[in-house]
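In the part that follows, the structures are each spelled out as structure tokens.
You will see chain A twice below: alongside chain B first, and alongside chain C after that.
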Partner chain A sequence: MSTGQLIDQTAGPRAATSSARRPAGSPRRPTSLRTRRARSFYVFTGPWVLGFLVLTVFPLGYALWLSFTNADGLSDNARFVGLDNYREVLSDPATLDSLWRTGVFTAITVPLTIAAGLLLAVLVNQPIRARGLFRTLLYLPAVVPPVGAALTFKLIFDRDSGAANGALDAAGINGITWLVDPYARYVLIALTVWAVGNGMIISLAGLQDIPRELSEAARVDGASPWQSFTRITLPLLSPVIFFQVITGIIGSLQTFMPLLIALNPTPAGVTAVPESNYFYMIHVFAQYFANGRYGYASALLWVLFAIICVVTFVIFKLSKGAVFYSVEPEPTKRKARTIGGGR
Partner chain B sequence: MSVFSRRTVVYMILTAVLVLMLSPFGWLVITALKDASELRALPIHWWPHEPTLGNFDQALTLFDYLGYARNSLTISTLYAVLVTLASAWAGYGFARLEAPGKKAVFGVLLSTMMLPGVITLIPTYLMFAKLHLVNTYMPWVLWGLSGAPYLIFLFRQFFTNMPKELEEAAIVDGCGQVRIFWRIFLPQSWPVMATSFILSFSWTWGDYIAPALLLDDARTTLAVKLATGYTNEHGAQLSNLVAAGAVMYVVPVLALFLIMQRGFISGISTSGLK
Partner chain C sequence: MTFPTTGPLDRRRFLTVSAGAALAATTLPACATSVDDGSEGSGAKRGSATVTVMTPDDEKKAFQAAGKALGIKINFIARDETRLNAMLAAKNPPDLVRGLGAVETPYFAARGLMADLDPYFAKSSVLKVSDLDPVNDVWRYDGEKQGAGPRYGMAKDYSQDQMFWYRTDLLEAAKLDRPSETEPLSYDEWLDMGKRLTKRRLGKVKVYGMSAAGLGTFAQLMHMTASAGGSLFAEDLASVDLTSPEARKALSWYLEYARADVGPNVANPNTDGWDWPTYQAGRMAMAGDGYWFGGAIGGDPKIAKVSRFAPAPQLGSNRVSPCFGATGYWIPKEAKNKDAAWQLFEFYFAGKPAEDRAAGGWGIPSLKSLRSRMPQGTEFQKQALRVQEKEMEHFSVLSFTPYAQVTALDGIINKVLPRAIKGKTSVGKVADELNELMNEQIAKGKELVG
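Our next item is the complex of A and B:
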């Protein structure tokens, strides 16, 4: 940043205003106010920067260092092992399987959730009575804390006392042991899609930003509702959808909830997870807790981090041209709803 | 479209989806009202023949439910208060002050919103263990004090839109930036503070991994205990107690949301996107 840019729209005129109002006897130089504002900026943003360095950058670096060692948390003499851990990541079938499973789950749930959220958003954007009530109630499942949601689905899909098998029984179909392979994956997909309200609200906000005149003009020109939706609404909504794709993928690759749908959700019980829900993050925690392999778990985390960076980058590149920014000049940004919360 | 009007079709779809979406809540409550023997009834009882509130008593006493609820409340309140104030503090800096490097720092802030939270969890645990902060609430204090990028962004958006005159008048009166923030800007931002408090409170109330990693059995939160606490001596899950415990865990959050929903939904849908 050059010095010329420092005199910006906010600091510049204000400095002029206050020096103009200052009594003639006061000899303060005009730069002093700017310097003080700069100092204030560092005072105000410093705590976050410090927190970011200590609580994010340092742990990332720490994990990177650990990933080149055979640290196990027991003995202090962790030995440098070079790329051994990374070599193992590429050759460990459990790692590759869990990564593949996580990827497939992401490829299914992210588009499904976005499409369902968009459909609901279009519906609750119609001029119908009580649409505020519909919006609120459809959003409600997204408010349920993850553990509460997981336990609820565990009850619904319980083999003996669950509503799912009760309904099958009433229809004359034999009950299914849902929480084991291969059905556990469907329970997890249902649980994930249940929180569709988040996507609905974001898409709804996007829909409401689209000027009504556009679709009205299209109708006058003889466009069908479907044409108007695909040619006008969808392109204008593309930044909102793009945002959901990015945050959805990042969140989905970190999925951890299957642990709670498994039978023994204690760290020691991670291996009791049904195989179809044995996800990458579960593999990380299994290596970490059950096997005490801090070094290998750290390598796994760094690989996931790298994958997320690459995927995000590729989507950014691919979406150029497909994402259409007309109203807003920059992509919309919002915190993903991740398990880790707002850190 | 010939038999039904378009509006009727919309109502029918929405009602069907709504019934499907809300039915898990119904099943949770029904399960919570069933006696242990009725839970095993075949064919299944869609409505408990002898509804009982005894599960709630047992759910409260099988382990120290209220004690764990207090842990959750303490951590969530501590984090929510600190992170709201810290985020307002940083948001003010990004909105109203200028300095070399501001653009770069703000860029980093925005990109950390994309940073996957789970990645740093294990090294963070090891770091806190070395500092002897495991099994204390200090990690939440530290996380709170540094603010959360998303909330900083919310406050920044709000403060950016406030009139310049407010600040100018205060500067003429000799106020420093800290006092301008504390006396003028912060009190004006109560809608954002409320949104920030509720969001951060529910993040922590709902968080499972961090307390499971950082706190021992006595100090952990309700979320963790709820997932593991209701088993009999053979390790089998006591479903009716799980349901009762989950109802008491989820209902306060839902109630808070329903009370605040008007501001909350508009806050979520608009402020983060504009």
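Our next item is the complex of A and C:
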């Protein structure tokens, strides 16, 4: 028996595993699979968890705290106001109007962009000449930065010097004040639908994932192209459409584009956004930086967060029977045990 | 909730501890905001040679040169109101900030965000209080009124913002006489000229007759009300009254101006962003901008040849010609390098950059000793200086409320007026709505300032 073994026996099991007392040259105890997996977990999730905590949880928590105060961010006299800000959210006509406008915009643009994207995807999925060129051209607007696109639209639709009224002028038609009410909303919808390339690419990827044999078999069975599209293509594409609906609604409820079409993206500029484009996020920005109401604006953000959660939950529930997954969902653990013989 | 301090860190515990750390971090700002020792230089790192300056890009060169001359490293941040508010809220402001003294000083000073510069002025050998133009008083606030109390900043230059420029070529084409150089037009006369100078085609305005945008609609209304003998703000600056006869007269004029569509307005803003590109392109005959606009005009000899300057119009018999900008710089109370910022401040306001600015024609210098450097090489510059010197007799400070930022009040106007301009809402109703919304906003600010 070596000296090392003696020390290990007298010091107990804890000391026996200590590498500090392990005699030189003795083999390292193999790390268990469980420990190695745990280490990998920490190493790979650590940076993300840190980023999530610092950049997401902390700002959210801070905004939550602010939402119960009348803070303006600058004064030391801010005080706790309880649920006053939330009560005001539910009774402030400007807030409710902006929320309603945002909802209507979402109800119009989300189906429109998905339908337009799907239509374009079906078209550029056809075996036609220069298909790649068409795909590129149609996708191009989605690559243009939103600020650039907004500025371009602002120039095109300027009443006195814009190209749109220039064209009307050439035809002897009176110019339109596009960038103010009531036309401002149409310009915004046009700008949103113009960048339909993103939806087209997603739908195209979905279309290319559908086995061609299915539609060929349908054709052999005498199905018309429309029947083939509605009975085969659309059901198989439903998860892709569902994804676009969810992300589209969330993105649309947070839309900030009107500010970019406004005169300038500053507190003064935000207050000059035409009423028909005065959306919820514009209202939030105005409350924060034009009115200096950090507490109220934070409450507005938390209410939007809650609305998005509820809307997403409802859509998930409603879509249960409408979305067709070609791959069976994984069985739950309990079911797996049953299938596996209840080991 | 307690966490065991020993034992292996399993995944569940890892996430729990992380969430706990985030929660703790969330509560820290709440504690931090209540900490203020009130000392002037709290947190200052004296002797540091880096100064953070928040300024527009066009001022970068001047500060770079100043920094080089003084051996100070300059860290630039582009001027951005949103970012400034966020930095002030985080108690990590720039060391030197560009701002509008006339409308911002009461707001920031009342919240204790500006450093008192009186001790610095007292020690300065180049910035003598006796040499300061009276306009610099807009950078003072004693807790109740503007124009008295500590100095919190200084104007780089200024203008009487309700004066206007006109293009003689467009006036001649419309067979209109040039306005007097000494006697102000009435606002009605000015609007009438604007209507005659406006050219349209198929619903589009080819040439705007005028621009009464100035430095925002609220400032415009403030001046008109004052020149009619009233005041928008109550004496304690804690409320507005747009229902007074003078304010209603001002509102009526603005509604008529906007409905006539003879110039950019809140219902149809200028997409160029400001008057110069429109004026330069011959699409605006009269621009309601002060002396500073001459800096832009001076850069284009063709436009300079046909441009002339006129006194501020008057709505009533009270001749006032205010300044709503007095753009300059201030040092935040929480600035980390106040002494170095002051060195830069002195050089910028009394050194070569100040001399260059005075000669540039972009505003009246804020040091009396630099007045003689104002440009007068060309006919338009001579005329502008002549008119400006006469107008100086009518300079007046119109105090702004410490309880709201001008963007908030302009925001309310931007919301209420477009509907009134397009509809048939009576002036009385518009005034009532503006009163209600603005006073609500001001009251919320007053609650915080105390």
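Odds and ends about this structure:
We adopt the following convention: the second predicted complex is superposed on the first by the 290 of 343 C-alpha atoms of A that agree within 3 Å, B and C clash if a C-alpha of one lies under 4 Å from a C-alpha of the other, contacts with A are read in each partner's own complex, and residues count from 1 in each chain.
Following the convention adopted for this analysis, contacts are C-beta pairs under 8 Å (C-beta built on N, C-alpha and C of every residue); 3 or more make two chains touch, one makes a residue touch a chain.
Being a predicted model, the structure only gives us computed values, none of them experimental.
Clashing of chain B with chain C is the outcome of superposition onto chain A. In the superposition on chain A, contact is made by A:286 with chain C only, not with chain B. Of the two partner chains, chain C is the only one that A:70 touches; chain B does not reach it.
Legend: residue contacts after superposition of the two complexes on their common chain; A:38 is shown touching both chain B and chain C. Contacts of A:188 after superposition on the shared chain: neither chain B nor chain C is touched.
Once chain A of one complex is fitted onto chain A of the other, the partner contacts of A:180 are limited to chain C, with no touch recorded for chain B. Judged by the number of chain A residues each one touches, B leads among chain B and chain C. Shared-chain residue A:165: touches chain B and chain C both.
By the touch criterion stated above, A:298 is placed in contact with chain B alone, chain C being left untouched. Look at A:245: by the touch rule set out above, it reaches neither chain B nor chain C. Looking at the shared chain after the overlay, A:136 reaches chain B, while chain C stays out of its contact range. Looking at chain A, you'll find residues 38, 41-42, 49-50, 54, 58, 62, 73, 154-155, 158, 160-161, 165, 169, 263-264, 266-267, 288, 294 touch chain B in one structure and chain C in the other.
By the touch rule above, chain A contacts chain B in their complex via residues 1, 6, 8, 10-11, 14, 17-18, 21, 34, 36-45, 47-52, 54-56, 58-60, 62-63, 66, 73, 120, 123-124, 126, 128, 134-141, 143-156, 158, 160-163, 165-166, 169-170, 194, 196, 201-202, 204-206, 240, 246-247, 250, 253-254, 256, 260, 263-267, 281, 284, 288, 294, 297-298, 301-302, 304-305, 308, 312, 332-336, 338-343. If you check the complex, the residues on chain C that touch chain A are 9-11, 14-15, 18-19, 21-23, 25-27, 29-30, 33-34, 36, 80-82, 85-86, 88-89, 108, 111-113, 201-206, 216, 266-271, 273, 283, 404-405, 407-408, 410-412, 414-415, 418-419, 422, 441, 444-445, 447-450. On the chain B side of its complex with chain A, the touching residues are 7, 10-11, 13-14, 17-18, 21-25, 27-28, 31, 34, 39-40, 42-44, 46, 83, 86, 89-90, 92-94, 96-105, 108-110, 112-124, 126-127, 142-143, 145-153, 164, 167-168, 171-172, 176-178, 181, 199-200, 202-210, 212, 223-224, 226-228, 235, 237, 239, 242-243, 246, 249-250, 253-254, 257-258, 261, 265, 268-270, 272-273. Residue ranges of chain A in contact with chain C, taken from their complex: 38, 41-42, 49-50, 53-54, 57-58, 61-62, 64-65, 70-78, 94, 154-155, 158-161, 165, 168-169, 172-177, 179-181, 263-264, 266-268, 270-272, 274-275, 278, 286, 288-294.
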